[in-house]
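Input: structures, listed below.
Note that subunit A is present in both complexes that follow, paired respectively with subunit B and with subunit C.
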Partner chain A sequence: MSDPPFTAALESLNALAGGLFLLTAFAIVATRQTRSCLLLFIAQSLLLATSAFVLSVQHQSLHLAAVGIVNLVSKPIVIPWILRRTLSAEVYARREIDQVLNIPTSLLIALALAVLAYFLTLPILEGVAPQFRSANVPIGVAGLLLGAYTLTVRREAVPMLIGILAMENGAFFAGIALSRELPLIVELAVASDGLVLVFVTGVLVRAIQQRIGSTRVGELISLREESAPDAVAE
Partner chain B sequence: MTLLAMLLLPLIAAALSVLPRMRPAAPAFTVVSSATALILACQTALRITAGASAVTFRGLLSVDGLGVLIVCLVSLVATTAAVYSWGYMRITSAQQPARLRLYYANYNLFVFAMLAIPMVVEPTLVWIFVELTTLTSALLVSFENTQVALEAAWKYVALSLMGAAIALLGFLVLFAALQAAGGEPYTWEGLTRAAPRMPPALLKTAFALILAGLGTKVGLVPLHTWLPDAHSQAPSPVCALLSGIETTSVLYVILRLLPMLDASHFSGVRNCVVIFGLISVGVAAFLLLQVRDYKRLFAFSTVEHMGIILVAAGLASEAAHYGAMYQILSHTVTKSFCFFAAGAAVLTVTTREIAAVRGLVRSSPAAAASLLLGGLAIAGAPPLSVFVSEFLILKAGLAEGRYVVVGFLTLFIGIAFFGVLLHINRMVFGRRSDGSPSFRAESPPGAAARVAERPTGLPHTCGLILLLGGALVVLLGVYLPSPLHELLRLASHGLQR
Partner chain C sequence: MTYRILANVLQVLVILLLSPLTAGVLNRLKEIVQSKRGPSVFQPYRDLWKLFHKDQVLSERSSWVFRATPYVVFITPIFVTLLIPVLTAYPLFLAFMADMVGVGFVLGLGGFFAALGAVDTGNPYGPMGASRTRMVGFLAEPVFVIVFFTLSFVAGSTIPYIVQKHWVNSPASFLEPSHVLLLAAFFMLILADTGRIPVDSASGHFELAMIEESKSLEYSGSGAALMKWGGYMKLLVLMCVFLNVLVTPWGLASEQRATQLLLAIPLVAAKVLLFVLALVVIESSLAKLRLFRISEFLGAAFITCVAAMVARLFTA
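Let's look at the complex of A and B:
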């Protein structure tokens, strides 16, 4: 630990993981193909795991290493497997031609959100001990906001689901940078919760696909106060 | 030990409901396990009112006054809704009895998650159980498998999970704040003790994130948009659980944070909470006026009541906090009864449209009477319990000198009263413009098409629950047993330092 080049290398590795993490969050906003969305999510989870390992070495914390291992197993492997079991392959081949906003506009808004995340996290960074002051916190919050933004502009179910998962990734990315002793049981439970989440939403999306013949859930807008209920009758 | 047993009961019932051979007995298991949990919960509550400060199990599970109140209410609604489901679900899913297995398994898991929220001591685990309530109830909301039900379930899942991710960051920041303060365990109690030493910026950020995130799940305006959809499209017993107690059990988590903020002397935060609450009450009151679906009417009324509880919790005095607890009790009992009544109406008229139901009192007196009682009770007509709790809150507000808050609250409650009774009155006593007294049977929207051959009579279990629930609604308005009063008083201490 006392070796300065080693510490410096860890710090730059962490910074690299953070930069790429932010990049994947932007790419998820901009990608049309469902399959690439999923691949980007896997890449993002791997970066989250990398960051957890680096932090675990830096802070000499086994808990953070466990966070990394759980992320390494659950997100890149188990979650795509569950999705593949619950949904048909056809869903992955989908391209989303029209989002709610076009992609250049989306990216501009995403950029604004990332800047906003930086300013939102300034007070947090002032409040914590110096060794936790890193760029990971604003990057994680940016990941959270971009995930929420993905959820709002997408119309396809699976990219929306990936938006939710990316939000959780962002929350963890910021969270593990803030503290080192997060209880292990919590991490395990959060990971298994992610699996239940994917399973339930997968079942729901399959039901929607069977019933409505499409997974464009963004177009389901019949439940509103203004429209007469007769309009929704099949 | 009692606490562990209460958590295991619904899990066992869920496991038994999944077994194919056990299918006919699944409703019975559910009723028995919920009723046993209710008895255990009452026993625990009596131990607490008798002077035990908290009932714990190995430092993992623990309930104090506030916790045990929520546990009692969860198990109460779980029991009544289980009995109600027995008859109701047999009729509504007569064509696919196999799907009932899914229903009861999910039902018990949902109850398990709700019971765990007030028991678990570690805040991040509480977050997980909040998330589990969403996931286990999502398939209950979409149970009828119609296009609108699936749409409602998707909106519910997407928005709630989005909120949960924001709240997750909030809990992680809270943990960081605790570590910065040092030396206390990560439990509600430890957090409250450590609060004065926490960096204020972290605590405030954590509270803002958790309020925004879990506020989505509670249905606070502006993130309430999913609530009327989910709470109206689910089968009626599930609506009773969702609207009656699930929202409250999530609100409980937000209430737990208030003493921490007091400890670090942020006077502004309580005002913020009051303003949030008032906005919810106001928006819900105006939306109540223009609903077209009577289950949505009760769903918007839930948004209104969550706002009222938040306002009361945000006030400073002990009397207001007592009012908040009373409001939690009366809302749970009354709102679950309202949805049972709405379910009875759905069974008899096969539509949810307010405009299609006129003169219900002539075609189905039982449904009409319970709907009228439910409407009066939830709107806050004296002498019923919601009136008493709202009155206590307004009185406490006046005693504190918060005249503007009380003024707005009274105005909004008045508008909501008018809105609820306007619609209920038309449904129960109204005449159709063409003169025919009964409901319009030729326009079955949504789910009604496949249930056209339903018998019109109410199943016995539904009738029983309507009778018992109605009796409870009336009784709580005029008489509050002294252990219950003591429980509310102890629970209100959970909102103070």
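Let's look at the complex of A and C:
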């Protein structure tokens, strides 16, 4: 493990996973289709797992490998499966996603958030031990902010859910680099929490869709008891 | 001395003679992917031959711009060939005359004349295509600037030969996220600049939807041949910049020997073939974007490139 070229290769692999992770976070903000949003989330989770495995080899930590395995199973496989089971295909087939802002504007704001993440994490990075000082922390925080931003600008239920999950991905991406001995119980708890979140939201969205015929959260702005004719008409 | 002159000449000849073949292979592979047979890979040569033997028809209303445009479009990629590493890893005579920004400007000159020539005759489709090309052009401009800015940030230079040396000498930095993201952004820029599928359909024959093609509608005979040939060369030149400088900077002649120089030709051809395969996959699996979605495509390229820069900040 102390072999310098090997460590350098691992570091560059980890950095590459980080760069692509950042790119998927941007892409989740920008895509129009629900299906590609989900695919991007799967790609992002795979990159997170890659980074966890690389770091586990680098720091010789079984905990991080376990984190990687839990991520590999729960996010790319179980979460899409649950979403497919609970939601009708119509939700995925929709091409246009409502956004509060148009896409170029929201990408520029996302960019500003990524730069902000860099300045936010500078003091954190100065505080940690040198061997943990990696690109994961700023990229993870950027992923967290971008996920939160997705949640803010999207007006469609499933992409909003993916925004929450992307936030979690970002937090983990930063977390795995900061601690070698991340307790497995925490990771398991968060992973199962994520599953429950997906399940509950999926069922909720399904119910909304059955009642109203749409999952456009942006249109559900007024509470009315009598059946709202304009919403039904759609 | 003579060797260097020969190398330069060979470099130009390779671009000049192999660019129609590249276009032919691209078209043929695309047809094969769509379960058709397609024309022979040598069809572009036959087209050029046929067009050079036909008479040219010029509108009485057109000015010298219309007549000069084919030559400018044809010459500019050849100028660019002198600036970039096509076969050699060591700089040739004119290598330090201009950097990659200069390459973009020289190619931009060809595009500028093509747009002027399209407006010149008063054909209704020409100005439409020209104004659309300008729209794509000014949207691509910030991406273009930021790509080369990031490149000089990452590799320390924008002279193509020096950038190529940078990646060859430090394979560890080859997998850097900034490099990979930069590649993606540059690739998107090439797609937009050469009128490839998410931006424009190069094989479309519907005038109202054309962007790039409609500018050469009015040309006939040798003018049309030069315009076509210039277009093929522009694609190959951009591929060479992308492949030989950024993606696969290996396999070029590193010593001043004729054997190495000749060996570099098939290696470069193999790289170009791989790139063509990637283009075929993209062209056959994606749909053309609506005109006003192009800004989003190029916006995505811009963001990818800035992400490359941010990732560079993060990892450094």
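Heads up, the rule we're going with is that the second predicted complex is superposed on the first by the 220 of 234 C-alpha atoms of A that agree within 3 Å, B and C clash if a C-alpha of one lies under 4 Å from a C-alpha of the other, contacts with A are read in each partner's own complex, and residues count from 1 in each chain.
Criterion: a contact is a pair of C-beta atoms (placed from the backbone, for glycine too) under 8 Å apart; a residue touches a chain by one contact, two chains touch by 3 or more.
Just so we're clear, the structure is a prediction, and the values are computed from it rather than from any experiment.
Partners subunit B and subunit C fit side by side in the overlay (superposition on subunit A).
Look at A:Val190: by the touch rule set out above, it reaches subunit B but stays clear of subunit C. Of the two partner chains, subunit B is the only one that A:Gly147 touches; subunit C does not reach it.
When the two structures are aligned on the shared chain, A:Leu62 is found in touch with neither subunit B nor subunit C. Looking at the superposition, the partner that touches the larger set of subunit A residues, subunit B or subunit C, turns out to be B. Legend: residue contacts after superposition of the two complexes on their common chain; A:Ala93 is shown touching neither subunit B nor subunit C. Remark: least CA distance from subunit B to subunit C after fitting both complexes onto chain A is 18 Å. Residues 172-173, 175-178, 180-181, 184, 295-296, 299-300, 302-304, 306-308, 310-311, 313-315 of subunit C are the ones that touch subunit A when the two sit in their complex. Those residues of subunit A whose C-beta lies close enough to touch subunit B in the complex are 123-124, 126-129, 132, 140-141, 144, 147-148, 151, 157, 160, 164, 167-168, 170-172, 174-176, 178-183, 185-186, 189-190, 193, 196-197, 200-201, 203-205, 207-208, 211-212, 217, 220, 222-223, 225, 228-230, 232-234. Within the complex formed with subunit C, the subunit A residues making contact are 8-9, 12-13, 15-16, 18-20, 22-23, 26-27, 30, 103-104, 107, 110-111, 114-115, 118, 135, 138-139, 142. Only residues 122, 124-125, 128, 131-132, 135-136, 138-139, 142, 145-148, 150-155, 157-158, 161-162, 165-166, 168-169, 172-173, 175-177, 179-180, 186, 199-202, 204-205, 229, 233, 287, 290-293, 352-353, 443-446, 449 of subunit B touch subunit A when the two sit together in their complex.
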